[in-house]
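Several structures are given next for inspection.
You will see chain A twice below: alongside chain B first, and alongside chain C after that.
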Partner chain A sequence: MLAAILAAGLAVGATYALIGVTYNLMFSASRVMSFTAGQLGMLGGVFGALFIHRLGMPIIPGFILALAACALVGVVTEIVAVRPVLGSLEQHLYVLSTLGLALMIQQFTAIEWSTEPQPFPVLLGFDGGGPLDEKFWLPLVACVVTIAGLEFLYRRTLVGRAFLAIAEDNFAARALGLPERNLRMGSYALAGVVGGLAGFASGELLLAFFANGAMLNFFGFVPVALGGLGNNRGAIIGGIALGVFQQAANFLVGGVFASVAVFAVFIIVLLVRPQGLFGAPATRRV
Partner chain B sequence: MNRAILPYLGLFGAALLLPLFANDYWAVIGARAAVYWVLVGGLNLVVGFGGQLAIGYVALLTLGAYTSAVLCARYGLDPFLSFAAAGVVGAVAGVIVGLPALRLRTFYFAMTTLGFATIVTQIALAWQSVTGGGIGLPGPELPKPFDTPWGFYLFALALAALITWLSANVASSRFGRALVAIRDAEVAAEATGISKPRLLTTVFLFSGAAAGVAGGLFATLQSYITPDAFSFDLSVTFFIAILVGGRGSILGPLIGNIILTLLPEFAAPLVAWSTFLYAALLLAIVLLMPGGIAALLDFSNRKPLTANRAIVPRLDRLRGLLDHGTAQASIVLRNVVLSFGGVRAIDGLDLTVRPGQVHGLIGPNGSGKTTTLNVISGYYEPEQGEAFLGTTPLPHGAPQTRAALGIARTFQTPRLIGEASVLENVMIGATIEGTASFVETMLSLPRHRGDEKRMTAQAMDALAVVGLDGLAPVRADRLQHSELRFMEIARALMLKPAFLLLDEPAAGLSGDEIKRLGELIVAIARNGTGVLLVEHHADLIFDICDHVTVLNLGRELAAGTPGDIRAHKEVVSAYLGA
Partner chain C sequence: MPLTRRGFALTAAAAAGFARPAHAQAEPIRIGWLATLTGPLSSPGIGFDRGVRWATEEINAKGGVNGRLIEVITRDTQGEPTKAVNATQEVISRHKVHAIWGPTNSGELLATSPIMARAKVPSLVAGVVNSLIDPDKYPNAFRVTPSNSQWDDAVRNYCMKVVKVKKVAITADATGYGTSAHDDSVAGFKKAGIEVVYSGVIDPAQPDVTPDILRMKNAGADALVSWTVSSGMAARQMNARAALNWDVPIVGHPAMGTGEIGKLVAKPENWDKVYIIGYKSCSFDDKGNLPAKTRAFVDSVKGKIKLDDTSLWWVASGVDGIRLIADAVAKTGSSDSDKIIGYWNTLKEWPGLYGNYSFTPREHNGFNGDDIVMQRANSQRDGAFALAPGYA
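Our next item is the complex of A and B:
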């Protein structure tokens, strides 16, 4: 029982954590929170099932194609819903534009794919159903790979340092001659890959289901909000803790109370510390 | 008669005629549009006017529907009373859903309302003993003559008309203007004394009650309710109807609501795609036509304004406006210290601004002028030292308290409500002087009408004083920069301020305009108001100030009459140039 809770909790939590990282990647490049973060996770699962299960592609090309498709959706988000409203950031139009795009993605998937959860192919063959089933540890592997990849990118590569620079101070970075627009598009493509990876890796657990988008949107946002915007460490720790807590509550007291408990904690923490547990207080406004 | 109500009369007149030539099917569609409008009309004040992105209002519809259905089906309550109960539950839940808006930024708030919507549906599904779970329960059945499709249609239509009237009354009052001010110019709203928590709580009560009643009606309309009926798509439809209609309008969202309800009826093959189309519409509206339908219907603001307008202040009208006599107390800063990170913006400053005088505050960029202003008007909290009005300390970090103390201000970049008229922008300044309560306003009782009449007259006076009365009905974002500066002064004058803090009012003005601004400032001071003037135009400062303080690196470098300052060696070398 404990092993089952822990296995499922860590798997779901790792997925939330990756969606949280997706939010952060978009936020640090543009100061925009996008409703498409969760949809990218949903699409990772749907594209995986589409390419591998329905079209019968081999796993590796199917995997790469699914991530590429998600990266493309990320770039489209930047071009369609983010770039046009960046000029008037203080009006928060991005909330509306990304909501519109996210709903379009979700509805399109519901109609063209299916409104029912569709099976996701077994990738490696460890599908015994016990706590060591691959569906439980694949999301964790994806999470570790992402962390390592991002660390490498940010610390060892010039592009990664440029990402950090625009996240830190957009104006100064542009003054230094960094191609801010391309870096932003790059960040959104990367966000697409990370979101898609989250969905692909958790596909066997969450299935290829259009409604996963809205669910991941909310539960991926909770760790970001609690950890503080742009704080990847907070998002990952928070996401995994959230997943374990939710699964434990699910097993022990039932799903509804788990949802209510998560929601209550989310609201209370935010009301007490709107900037998140590890975030910096708001800057001056006048 | 007021021409603005003609479109409403047309719409509701046409709706009354509908039973004469349409079949029962249209009665259901029409009733649905009316029921949705009861919710959307209330939500419009939150989203369209207050700018709070509440995307999960289906939660309140669900609560209202279950409240009234449970009370009728399980306890045999009268259906009309059950609607009232649904309204009460909706109002309370509206405040609970809305409270996070007081602390959280837009995206966060949108997410919390979305989370709330999910939770309510889950509870409705799980709490089988009361809600019937997935099987559901019957909605309230209305007695004769409302038990037929057309009978219910007319009942829903009457409530829709009522919500239109109530929300229009609120929208055109000081509450409606204050909501828009919070949306577009929150900082300026605080400076005019608008209390965001109180205002939003009131409006959440109102829109929650409307949504709860709409839920009761919805349960009757559906005749049987299950959690499936309250999809998030419905929530999105409500929200999009408002944005398609246009923010800050009643008529626009009303039309948007009708279009969105009727659209699937005219294009049956599109029903499956309706949410997709609504979402696409939302994206298109945001990117291409942020004003929505309301902007399309706003014909009066398309006429070109006269070019080469001159701002001619009418100083003779000032006496009627500022009739408070000279105040006795001074604003006093004592040893104020404030740093941002490692930078000491103000470093032990003493300053006294006397009533009836023009006090100039000059210094190089970054010397702490605006920061000083922000300490006085309560935006910043000093680390050491105190600010006093006379002998009473001014509470720190509470800018909304300054208006009641008679301290008004303008901003370095004008903070205006672009979509509101110049007159409305100025009337914002008198928000705290309104006497009518929200309920009186909602019902358009005499006290509210008196308030409006007085504020309008006072705002026209203030506009005449600064020389903008010819532009009163024009949308503020069509004005020139210099006109906006004078408009901000008019807004500040609405408070009949004992002290007026001006942050670089001459920036961007022409030579002529600066001269007139100078005369206006002197006239304001001679009527008893103390003016603290932060400026870079040295000529203006030396022409009109009674007293000048020169700041450098957050400290007082020199102080005295303009003559003293001009002769001060350090000031000349550091700042004025030889």
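Our next item is the complex of A and C:
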């Protein structure tokens, strides 16, 4: 019983966590909360089902193509919805532009793909339905791979350090001669890959469904707020905690009351620590 | 007076005017057909539409009704109440229709019913929400499909008499329809003395329902009653039931029998022991035969109407709507709204393809509840389903 709830909770939580990381990757490069994060997750599932299930491609090429397509969507987001509004960040125009693009992606998927959930292929054959079913542990594997990959990128590579530099101080990084625009586009492509990976790995759980985008946007934002904006470690812990808590609430109180319980805890945490559980209060030299 | 060109034209126009009574006899019977033909809610509308077209062509091919052809004015409402309201106003004001068939879902009907009542247009209702029928408020509206409470009764009776439940779990999706169906169902079971050990609505986008199903299993439910129109949620419930080795039937909404479910269940056998609301007229008996009247219809439309991707009852109901209007004009010799409404008010067991209809001035729920049965969800063939266990 506990195993079933934990398996489902960890899987859903890992997916939320990865969407939280997607938000953070886009935010740290541009100071923009892009609401296309959830749609990238949805597209990961839809592209995976399209390439592997519908077009019959082998799993590895299908997987790579799905991530590449999501990376492209990430870059398009930067060009279409982020770059034009960077000059007036304080007016929060990005809320409109990224939300608008997210809705366009969602509606386009509904029209071209399907308005009904479509099946996602079984990838490795561990599909018994029990707690050891691959649909429960694949998102966790994806989460671990992403953490390891990002750690390696940020700590061991020059490009990763350049990403950190523009996230830390955009003006100083530019003054040092770093190609800020290209790095920002790179960050958005990387966000596309992470979002796509979240959707692909959880495809068997979430199915390839156009409406997943809005759901992931919503529940992926919670770990970002819980963990502190731009803090990947916080997003991962927050996401997994959210997933497990949500599934436990589904079992203990059931139905829509579970959502009430989740958001009650969310509000209490933010009241106690407005900067998030792992975020530092913003300091400004005066 | 010299005959000028203008004078001649006026005389000719007047003569044409005098000739109008003879012309009026051949005036077509105009029927407003409002259906959701595109968009996410379009599956039923497309099925109904096939029946509407077929019945119209059949009647017109025989020369129409009393020499009057049927003209169907179709408007696609796209599942949106605002578009349905516009379409209703258009067919009433501009096309001066004699009767309206549709819209085919409750949300749109809630918006359009007052407009049709104000214009006193005879209307056939295909929505399940109870409040759509009220002979005082809407004396023009006649329901030709079951009401929510009739569906509710059918599911509850099956659970009690055939499954013999003592404890039941009731769930629905967190939509407007789902919530109201859930509340009615819970009240009905409690009133009948059955213990409701789990009840709750679930967000149809919830990624995994294992904890919810586990809760129902631990509570000792003998059956799961599900009122969801979301194929994703229905399939997840069936997969979770199998994963938890919980061997109880799932009973409920007809949407659990759509082909989409077959694609989403992890194994085909997860779809076993799922029983959905259906109709006697569109059910195979234990020998795999349809009732004679339905069989004759299916045979006659083979190759003309596609049945394998829709529900037979949608098509049959579409046919009945047109035939009910045509019959009223044929029997009363008039397409006046008072005459049509007056005629429908006298119907007793009017034999349709989908069901038998009875109306009185005080009862406009015309569908016979005894015609509702439960069917095996995974047995679809030609749009019809096999009867669930317990009817043989």
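In this text, the second predicted complex is superposed on the first by the 279 of 286 C-alpha atoms of A that agree within 3 Å, B and C clash if a C-alpha of one lies under 4 Å from a C-alpha of the other, contacts with A are read in each partner's own complex, and residues count from 1 in each chain.
We adopt the following convention: a contact is a pair of C-beta atoms (placed from the backbone, for glycine too) under 8 Å apart; a residue touches a chain by one contact, two chains touch by 3 or more.
Note that the structure is predicted; figures quoted are calculated from it, not measured.
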Chain B and chain C placed together on chain A: clash or fit? clash
Quick one: classify A:V12 as touching chain B (first), chain C (second), both or neither.
second
**Prompt:** Is A:P117 in contact with chain B, with chain C, with both, or with neither (first, second, both, neither)?
**Reply:** second
Note to self: In the overlaid three-chain picture, which partner chain does A:F251 touch, first (chain B) or second (chain C), both, or neither?
What the structure shows: second
- request: Please work out whether A:S259 is in contact with chain B alone, chain C alone, both, or neither, and reply first, second, both or neither.
  value: both
Look at A:N212 in the shared chain and tell me whether it touches chain B only, chain C only, both, or neither; answer first, second, both or neither.
second
Query: Taking the superposition as given, does A:I236 touch the first partner, chain B, the second, chain C, both, or neither?
result: neither
### Message
For A:A162 in the superposed arrangement: first (chain B), second (chain C), both or neither?
### Response
neither
Going through chain A, the residues touched by chain B and also by chain C turn out to be 214, 254-256, 259
Residue positions on chain B within touch of chain A in the complex are 53, 55, 99-100, 103-108, 110-112, 114-116, 118-119, 122-123, 125-126, 187, 232, 236, 243, 272-273, 275-276, 278-283, 286-287, 290, 340, 370, 374, 379-380, 411
The answer for chain A against chain B in the complex is residues 33, 80-81, 84-85, 92-93, 95-97, 99-104, 107-108, 111, 214, 217-218, 221, 225, 254-256, 259-260, 263, 266-267, 270-271, 274, 284-286
So, in the complex, the side of chain A touching chain C is made of residues 1, 4-5, 7-8, 11-12, 15, 110, 115-119, 127-130, 133, 202, 205-207, 209, 211-212, 214-215, 247-248, 250-252, 254-257, 259
The answer for chain C against chain A in the complex is residues 39-40, 171, 174, 198-203, 205-212, 214-215, 218, 231-232, 235, 239, 242-244, 260, 263-264, 266-267
